[in-house]
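Questions regarding the structure given below will be posed in turn.
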Amino acid sequence: MSSLRYGIRCLRPRPSSTAKQWPSLISSTQSRDSAPRRALATTTPRRQDDSALTSALEAMESSSEGVITTFARPMPVSPAYFSRLPQFNDSFVHVQELARKYARLPTLHPSQVERVAWKTKEQYRITIGEHVKARDYATCIALVKRLNQIHPDLMPEEVKAGLRPFKRDINIYLNQPKPIPVDKFGRSHGVGKRKSSVARAWLVEGTGEVLINGKPMNEAFGRIHDRESALWGLKTTERLDKYNVWALVGGGGTTGQAEALAMAIAKALVVHEPPLKTPLRRAGCIARDPRTVERKKAGHIKARKSPAWVKR
Amino acid sequence: MASTNCWRCLARPSQRLLLAPVSVAAASAPTSATFSTSAQQLSSKASSDGSKHIRSGKRLVLGRKKRNPDRTKPPQPGERKAFRKRIQLSNDNALKVPGLDVLSSEGVVNPESVGKIFGLPVEVVDQLRACEAFKSSQNWSLFRSPHTLVRKETVDLAKQMTDAIEKKETLRLVLTGNRGSGKSILGLQALATGFLNKWVVINIPEGQELTTASTEYAPTPNSEMFSQPVYTVKLMQAIHQTNHQVLSQHKVQLDHMQLPISVTRNMTLAGLLNATKEPDFAWPVFQAFWKELLLPGRPPILFSLDGLAHIMRISEYRSPAFELIHSHDLSLVRMFTDALGGKTAFPNGAAILGVTAKGNAPMIPSMEKAIAQAAAAQKGEEPPSRDPFFRKYDERVFDTLRGVKVLDVRGVSKTEARALMEYWAASGILRSRIDERSVSEKWTMSGNGVVAEMERVVLHDLRET
Amino acid sequence: MASKINPWRSLRCLAVRTRPSRAHQHVPTVTARAVVPLGMRGFADTISTPPPTNDGDLPPSEIIPQPYEPRPIEPFADNFMNEEAIAALEQAAAGQDALDLIAEGLKYGMPKPPSKQDQLQNRHHPVIHQITRMLMRDGKLSKAEKHVSLILNYLRTSPPPKISPARPLLPGAPPPEQLPLNPLLYLTLAIDSVAPIVRVRSLKGMAGGGSALDVPEPIDARARRRQAIIWILDIVNKKRSMGSGRKQFAARFGQEIVSVVEGRSAAWDRRQLLHKTGTASRANLAHPALVGFKRKF
């Protein structure tokens, strides 16, 4: 990487005097309405880029202050043009320069910075269409995160623009969960899922009576382990005798239903008492267990089992 | 085999001298002389490092499936079943719980004893065991001695029974309730009340045994009925054993000319029961005994049967025409159903108790409807009508259950649950703190205090041990 | 991106070296192992204190206490998270309830934070968890759990064991009369006592000539218990049940646990055999093949 950077830096001073045929990524973000230039090559897309080329030449002539060097062939815009990852290298170099330039600006503690959804490696690869190496992207994104820590009041525009290609289009951290209210009867509602079961639970302050699908606990779940699972959230937060539960469960088997119910009850409990979310998460009731049945594949008997090998 | 190594630490005895003495008793393992093992070592060496191609036997052995068979003696016939049915009423490991009262005839009817644990008197335990009131599915074997919780229903039932018998009336009652709610235990407590009050207690522990064609049967001469002689002998023995004290105070009053055995006037009722062990004579003698019991001046009777649904259906016995016999055509069952249906007059007062079961019971729509109707009548509501499209209603069942009282057994209250859990904790079986929170947790977990579920939740839980 | 132009390549050829080559490093390890007295473990019932380890340079009398050096003062981090705590402290100093800040939005006060054993997914004692999973057949977990609870009930109702002095249990075990009332401890004690303390790995072809080299290895607690349970299960599965019904497996397993505690079980013989092999193959640890094997990886 260092050698590459060195090479790019050597190439760097020259294009300041030359005109840009192919605007770098930074400028392309500013003029987004122009045609996509990702597939630009010197030889093939001559026809498409003729107009762009002429306009660029005109612009060059109009803004000609110094010596106009003429080239026999069109010069690439970016010095990284002949490298494997021209766009990434451009933005990486840019980020490095920014980091060097603004290294002295005061920063915030990482926990105080507003959370930004950065592109993952795969997302970045898809957007720019280059197969960026994981290690390079990691180095780059670390620098980007360091730049993002600059105090927001002092954040230069240049840095903001430079970080933009690494941000996702939608910042998921700005999403606000819809607040669930306790209704006028004092009930709160929660939904939970596990495997293929879905549970809905309504919680009212009460004395610890439980009805599941209209049945008492011992008829709804034959296994004690399941009963305990279903009421786990109330049990660990010592609220078992403080609330009444009325729940509907469907789908799946008993284990799935019980653990779906645990999640539903925990969510409904959080509506009544929001600070309980952390203890409930620690008790394992808030997170959805993502494991489900693996799908069956073609050519297999089950998900992974293959038919017996037969000679001929 | 002598150990050349230390048990705990892999050190050789020579090295152990360098170490601290771990425990002298442990170190004194029998160290026989090591030279005695040389022969074994030699033989094993010869077999292992000899040529691999020497066949060990004369016959070709394919595979190594041969297992050396278990050389222990197999259990005798019937032993396995006895093991399964064995009832153990004490556990010497459990702690003795001091300060608990013993159940008495006054205590059972006292409303203040609700929510307390009572010990069963030793003689009552013997009587209950003789009449097979304890079941193997109940957790008697975990505790030092049999104790029961007196709950609201217990006092209610005992009061109803004693009131009816004091007025020389007949209490006909059916115990219903959800699975595991304690119906059989309530039946047991009723039997204990009977024993404490010196009534004549007759208990049929499993209605199933009478109708599943598991005992012998024979047609009764000059009638449509069938008797079950072997079971009758067993029942007579049980009655004799449990009620010996009461029955030996009463003497035979009638002439029993038709009996195959000679019965004299100075024979006691206990003697009458014990007079024959011959199955052929059992039913007539039992009938004579029943007649004697129904005379005025005899002690009151408590007749109970567990598993009511089994005697409310067509039995698995066949008549000589190879048709299935209705259970009510079995004479012993008929005796109970007549009593429950109010056809038998009891001049001395009686309590007839039918206990339903939920775990092992067939679905009898007639019985369920009849019980629902009886329960509605008891509450003064409109009785639910029969399903007009269902043809298989059994009139005999409706006749039997007409006008019976119904006692619906539900879960225990939280105070009763607390008493129960404190008793378990005092016995050392439950190893956790008993406070309001834990009690209400178990109460909720057991479906609002269903007793058997509470036992499962507390005593069989892997987290509580 | 490792550059191919590495100065060390050429420097290695030079006589003057700036750092020692690796060949000097692994000489004294073998001798160091031989010095340590074998089997010196601190057991709970060991009365005598272990002899002082004076195999170092200094005899114990010459150990000079180090002069006290104050630790450097840590600079205050700009920790905004302390603010909550500081606010709570200030509130407490003002005579108010310090927990008010935290308990805002709670109706019944903050519960005790759930510990690691209070997780929905991991709520059983480790031994119970392991036994249940090992008893499980065909993925029927609830059946296995039922078996385990019946086993514990068997242990509860069986008479107290008579411990034989020939097969000592783990040190610090309670007296046998107390065991039945704590069936979990009973079970754990039996399994941990009969568990092996080494595993003998047989490395194929390492001894030369295609013969295997047995090497003893230390194993962790979970693996020890696993081995013990395998032994016990082997015996239990070969036993004949003397009754019928669903409690039979539990009864057989419970009997075996009792016989382990009483020192009658065949699992003890297997343990002894394994320990013998382990002791005998201790010498193999210094086997040149193995030393080379270790150096290679």
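Labels for the chains are A, B and C, by order of writing; each one numbers its residues from 1.
Definition applied: a contact is a pair of C-beta atoms (placed from the backbone, for glycine too) under 8 Å apart; a residue touches a chain by one contact, two chains touch by 3 or more.
Going by UniProt, the chains are A = Small ribosomal subunit protein uS9m; B = Small ribosomal subunit protein mS29; C = Small ribosomal subunit protein uS7 domain-containing protein.
Model, not experiment: these values are computed from the prediction.
Asker: Give the chains in contact with both subunit B and subunit C, ordered by label.
Answerer: Shared contacts of subunit B and subunit C: A.
Asker: Count the C-beta pairs in contact for every pair of chains, then give the pair with the highest total.
Answerer: B-C
Asker: Centre to centre, by mean C-alpha position, how many angstrom separate subunit B and subunit C?
Answerer: A distance of 46 Å separates the two centres.
Asker: Between subunit A and subunit B, what is the gap in Å from one C-alpha centre to the other?
Answerer: 64
Asker: State, to the nearest whole Å, the distance from the C-alpha centre of subunit A to the C-alpha centre of subunit C.
Answerer: Distance between chain centres, rounded to whole Å: 40 Å.
Asker: Provide the list of subunit C residues touching at least two other chains, using ranges where the numbers run on.
Answerer: If we look for residues of subunit C contacting two or more partner chains, we find 123, 145.
Asker: Which parts of subunit A, given as residue numbers and ranges, touch two or more other chains?
Answerer: 228, 238
Asker: Give the residues of subunit B that touch two or more other chains, as numbers and ranges in rising order.
Answerer: Those would be 460-461, 463.
Asker: Of all residues in subunit C, which touch subunit A in the complex?
Answerer: That would be residues 1, 3, 78, 80-81, 102-108, 110-114, 118-123, 142, 145 of subunit C.
Asker: Which part of subunit C faces subunit B closely enough to touch in the complex?
Answerer: Residues in contact with subunit B: 37-41, 43, 45-48, 50, 123-125, 128, 132, 145, 148-150, 152-153, 156-160, 165-168, 171, 180-184, 197-198, 238-240, 242-245, 269, 272, 275-276, 278-279.
Asker: Can you check the complex and tell me which residues of subunit B touch subunit C?
Answerer: Within the complex, subunit B touches subunit C at residues 1, 3-12, 15-16, 18-23, 25-26, 28-30, 70, 72, 74-75, 79-84, 88, 91-95, 141-142, 428-429, 431, 459-463, 465.
Asker: Please name which positions on subunit A make contact with subunit C in the complex.
Answerer: Contact set of subunit A toward subunit C: 1-3, 109, 111-112, 205, 223, 225, 228-229, 232, 236-239, 242, 259, 262, 272-276, 279, 282-285.
Asker: Show me the residue ranges of subunit B that touch subunit A in the complex, using the header's touch definition.
Answerer: Residues of subunit B touching subunit A: 178, 180, 436-437, 440-441, 443-448, 450, 453, 456-457, 460-461, 463.
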